[in-house]
Amino acid sequence: MKQVTERPESSSEARSAAGAGPGPAGTQAHNGRTTGPGTAPAATGAATTKPSVDTPPVFEIEKLTVRYGGKLAVHDVSFDITEKRITALIGASGCGKSTFIRSLNRMNDLIPSATVEGSVRYHGQNLYASEVDAVQVRKRIGMVFQKPNPFPKSIYDNIAFGPRVLGMDGNMDEMVERALRRGALWDEVKDRLKTNAFGMSGGQQQRLCIARALATDPDVLLMDEPASALDPISTGHIEDLMFELKERYSIVIVTHNMQQAARVSDMTAFFTVVVDEASGHRHGEVVEYDETEKVFTNPSDERTEAYVTGRVG
Amino acid sequence: MSVAEAPAARAVVRGSSSGARLREILFPAALLLCIGFAMLTLVVLLVDVAVDGIPVLSGEFITGFPSQIFPERSGIQSALVGTLLLMAVCAVFIVPVGTATAIYLEEYADNNRWWNRLIEVNIQNLAAVPSIVYGILGLAFLVRGPLELGRVVLAGALTLGLLVLPVVIIVGREAIRAVPSSIREGSMALGATQWQTIWKQVLPGALPGIATGVILALSRAIGETAPLIVVGAASFARFNPNDLTSDPFSALPIQILAWVQDPQDEFRALAAGAILVLLFLLLLMNAGAIYLRNRFEQKW
Amino acid sequence: MEASSTAAAGGPRPNLSRGRTPRSVGESIIKALLFVAALISIATTVGIVVSLLAETIEFFSQVGILEYLLGTKWTPLAGGDQKSFGVLPLISGTLYLTALGLIVAVPLGLGSAIYLAEYASPRARRIIKPVLELLAGIPTIVLGYFALTFITPVVLQGIFGIEVLIFNALSAGLALGVLILPVVATLADDALRSVPSSLREGAFGLGASKPQVVLRVVFPAALSGIVAALVLAASRAIGETVIVLVAGGASANLGIDPRESFQNMAAFIAQTARGDIAAQSVEFLTIFAVGTTLFVMTLILNAISIRFVRRFQQVYE
């Protein structure tokens, strides 16, 4: 609590410490990323976990602020998310991670009171520009939710739903098989494709939801605490799957579990809760964004350090 | 318990005094009596109708047409056909309109808009408007007035439809609300549009509930007498309506009313027989609703 | 179509624009259609008001409004000098019959509700609730038949030996009571059950007996919900047609002798609508004047009921 209320000063400290000048957090974060590779040669051998300079960003987030019914939920977030990498969003609960990830494919549109300021550029195109269709956005940017949410239909129909509503051409059986293989589920379910998905275990259901998201051939996969409702073995399956998927997809994952973030991600953004002294209202901000290894071993912000070392939950 | 005990001590052990204990037994017994009375009334009513009505039940009673002179040759064919037609047309009207309204209110309506709140309050109010008033509406707007349909099945069915529409909407909304939002999110996240999500995910999940609401509404409509009186259903129809828009029609409740109001006992017995047929139809509908609920209800 | 052709993953600059694709146009059309369906309920209310008012105004151009509201003799169908348009007997008859129904339904319905909510085991509930639903689903014409052919001759004249007329208020009132008993029982049961159990536990913790807890803690806590239930039940009884038409008789009675024949507003409307009366005659217009009166009365009751429900919800939800 104390740490949180002190936040305004420490924030400016963090900025000057990063030497990013008076610019907004985004500049700082951007610097963080470009200075990353600068230090990389020193820590050789870890190249696979590091973003290389030539990997273009898939998302460029600038001054993103989200409000629910006028109340601030996420404030002034700016950083870039790199292609074909796993980016973890960590932080205490209530710090706006879920709100943030839902603004990357305009799922917040479904909440009538939600308003978004700033911009999220996806391959250079602002997702919140007036001519952009949220439906077009979501078919390229898939999402997996905290609780497995299979449709009350057969396994086959769950996978086929996306391609069908998008009017995708091709052999549906093949598309279903391909998606289930990518979701590492094919061997387990190939003999019972027509059975109801509600009969699967929780872990299988979540992999089904991942496979379902992959069936529409997205470019990005957003995962909002995909393993929080699962047992350790199922969680392991999901993490293995993520490693395979990052060959083809850019993945953004919200997680409560720091070990998980450290294990799977290349880049990590740390969110913190800020309490408005006057109203007591809480919102989230990003205080640090960097390579995962750096965030976990040598964070530049003391609040990040407090969090990753477990001093503050 | 001795009378000599100090009042203070009495107060402490009041919970176990014999008077209180007696009250603890008598009170629920009295309550049970209330329920018993309600159940007894239902049983007596059913037995009374059955005793009066069973003797007149026969094939001829179902297939015959009503007579004002010969009770023994009277039947309910025109009334039964009229009722079935009314229900069919009523269903065709309330299923799309009721479902569409329920979808609009649950999935699209922004409650910050005054017109959406107005629609809600209005439906609440309509649910409590006396059925005879709907009859007046039907008379003024459907039978006469702008639509000028005349005293025909279509006018009667639409009047009944407007009367029971709030039931469909209210039950339908509950069914739609019961579909978890995670299903909607899952669908939208795959790039489905809002309508695709509603049509392919929400509605299939809500269908058993909506169907139950429709059956509930129809079982209210099938027994309604008052609006049909005002709309002008015929008491003694000597033939079945050939179509929905030109011939006079009758209905079971109207036929029952006509026979009940005849002072001759023979006709009263016919009323009881027609009531049995009406109750049988109601029973069928309710059984259908229970079956739907048990067989298809989605557990989330 | 354009959009889906560029859907290939990772395209450098995907086309995300909305355009005027048929799909987004379709979505708007669907939303508009659904809104139109929702407007049908508004149109119904408007239609009711217009159909009532138009002819009511016509009625009052022929009959003085004070004569209507304050007159004590209602004989619009009589001939010549006997014709009179004082609606008070119809209003008092309506309220009187409703009162009789409430006298039956309030104690029995509330007793049933308290038993259901506070005493019944889950198994007993599973039996009792459907019975109440069954009773609630009995068409009113059947209750009218029951009143005329059983309550009047067997119960009133037979068992109790009361000298009632064939058509009488007592029989119709009892049947109205049977009609609204399930309404009271079900809605009051809902209200009682939404009282949080912490209240009960608190009272039990103070050593109160079960009847005390129920009557002095739970019942008062649920009072506004229960009042809403009673108001709604009263509104049902006020608007009921067929029971009164069949069992109550056809005389607009300003008295209070329950053995006599009474008529309410709805039954008058039905009786007049069935009769062979020329449309646009002043006799026929009474349908609309009385209909307006009835509609206004139930509207007021509904508003009261909704207010009580709101108050109740504010406390517990």
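Letters A, B and C mark the chains in the order given here, with residues in each chain numbered from 1 onward.
The rule we apply is simple: a residue touches a chain if its C-beta (ideal position, glycine included) is under 8 Å from a C-beta of that chain, and two chains touch if they have at least 3 such contacts.
In this text, all values refer to a predicted model and were calculated from it rather than measured experimentally.
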| item | value |
| --- | --- |
| Chain at the geometric heart of the assembly (C-alpha centres) | B |
| Reference chain A; chain at largest CA-centroid distance | C |
| CA centroid of chain A to CA centroid of chain B, Å | 51 |
| Chain centre separation in whole Å, for chain C relative to chain A (CA means) | 54 |
| Length of the line joining the C-alpha centres of chain B and chain C, rounded to whole Å | 13 |
| Shared-contact residues (touching 2 or more other chains) in chain C | 23-24 |
| Multi-chain contact residues (two or more partners), chain A | 135-136, 139-140, 166 |
| Residues of chain B touching at least two other chains | 193 |
| Residues of chain B defined as touching chain A within the complex | 110, 112, 180, 182-193, 196, 200-201, 204-205, 298, 300 |
| Of all residues in chain A, those that touch chain C in their complex | 83, 122-125, 127, 131-133, 135-137, 139-140, 166-168, 217-219, 248-249 |
| Interfacial residue positions of chain C with respect to chain A in the complex | 3-4, 7-19, 21, 23-24 |
| Chain B to chain C touching residues, read off their complex | 15, 20, 23-24, 27-28, 30-35, 37-39, 41-42, 44-45, 48-49, 52, 96-97, 100-101, 103-105, 108-109, 118-119, 121-126, 128-137, 139-141, 144-145, 162, 165-166, 169, 193-195, 219-220, 222-226, 229-230, 232, 235, 253, 256-257, 260-261, 268, 271-272, 275, 278-279, 282, 286 |
| Sites on chain C touched by chain B in the complex | 23-24, 26-27, 30-31, 33-35, 37-42, 44-45, 47-48, 50-52, 54-55, 107-112, 114-116, 119, 128, 131-132, 134-135, 137-146, 148-150, 178, 181-182, 185, 207-211, 214, 232, 235-236, 238-242, 245-246, 266, 269-270, 273-274, 279, 287-288, 291, 294-295, 298-299, 301-302, 305-306 |
